[in-house]
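Below: the structure, in structure tokens.
For clarity, chains are labelled A, B, C, D, E and F in written order, and residue numbers in each chain start from 1.
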């Protein structure tokens, strides 16, 4: 896997949130490397309420880590 | 995505809770950008007990982060 | 939404647990504002084992936050 | 609800684990007060693999809180 | 229940991981004391992808606690 | 089980993320030791949206631990 993350530091909470989204997506990528398969699955989960809530929960977990890493951008 | 969050600091636990709700919703928005689709899905999950519990769990996770960011409003 | 929480501080772990229950319920209220719908859904999830376990998990997550906010009532 | 918890402090990790089990059960009790209903539901979830795993996850979350409250019994 | 845990301290991360597995299993044992029932259920969940992922998530939660208890074996 | 982890320390967040993936996989391995069964199950969960999201959530939990262990690579 090429270098895709070198630091957890971000300037703002929004950039931190967007990094959490990338981390959540990478968790899927390492498990399902095929972009084609992921694109097909995305059509399913992005139109399923429970899947969307589950995906939001993964982002919340990563955001918790990124926020702590940035001392909550105080 | 336009700027929607610049700080995790809030004056009160209630404002912190409401920020956690926004963060949970943004997690869905970044995954499903269509407001129309989200409105349809909302009709489903807001009338499904397990979906509502799952959504409340995502808010709990973000609230944990926001509360720590505000030193629990001590 | 009227003021429903002004502090995370509670005198005892039990009061902290009961605050965690309120927080979990508010997570549902903000998502499904209709008390009537929530009453109907309550009949379903309060008689479903997995729903009850999931609800207990949300309370656990909030209790973790409230306990930390009260320095574990040491 | 009568007083059922006055402190998170326990002498040992095992006592802490058993307190986490009580906390997980109380989360269900506050949501489903009927002991009769809970007894019926227990027959279901205690014989369902996913329910048992979910219940173990709730205990893990409470144990995390109790362990931190006891400074990991160091 | 006989004494099965007296400390969260372990010499290595691997021993800590294996303690997390024991803790996750105990969470099931306290809820379903019958070894016979658990053996039957194990045949089901150890051959079900989602159950295995859920079980791995419980271990992750306990490992988080054990790792903090051991100051991450620094 | 042979030695597979001796430290939580990694040089970079990416190495830490990849360690989190190993930890998540080990959680499955200890529960289902058969590589053959796991390979069959992988075909199922790596093509199921909810399973992939659940797997990503387990990685997020381990990453939270590994990131804290490395003081967020500051």
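Definition applied: a residue touches a chain if its C-beta (ideal position, glycine included) is under 8 Å from a C-beta of that chain, and two chains touch if they have at least 3 such contacts.
Predicted, not measured: the structure shown is a model, and the values here were computed from it.
Separation of subunit B from subunit C in touch steps, taking the shortest path, is 1. Counting only chains that touch, the fewest steps needed to get from subunit D to subunit F is 2.
Ranked by distance of CA centroids from subunit B, the top chain is E. Subunit E and subunit F, compared by their mean Cα positions, are separated by 15 Å. With centres taken as mean Cα positions, subunit E sits 27 Å from subunit A. Distance between chain centres (mean CA atoms), subunit A to subunit D: 31 Å. Counting partners per residue, subunit C has 45, 48, 50, 54-55, 57, 61, 64, 68 as the residues that reach two or more other chains.
Contacts between chains close into a ring here, every chain touching precisely two others. Of all residues in subunit C, those touching subunit B in their complex are 1, 3-9, 23-24, 26-28, 30-32, 37, 41-42, 44-45, 48, 50-51, 54-55, 57-58, 61-62, 64-65, 68-69. Taken together, the subunit F residues at the contact with subunit A in this complex read 12-14, 17-18, 21, 45-50, 52-57, 59-61, 63-64, 67-68, 72-74.
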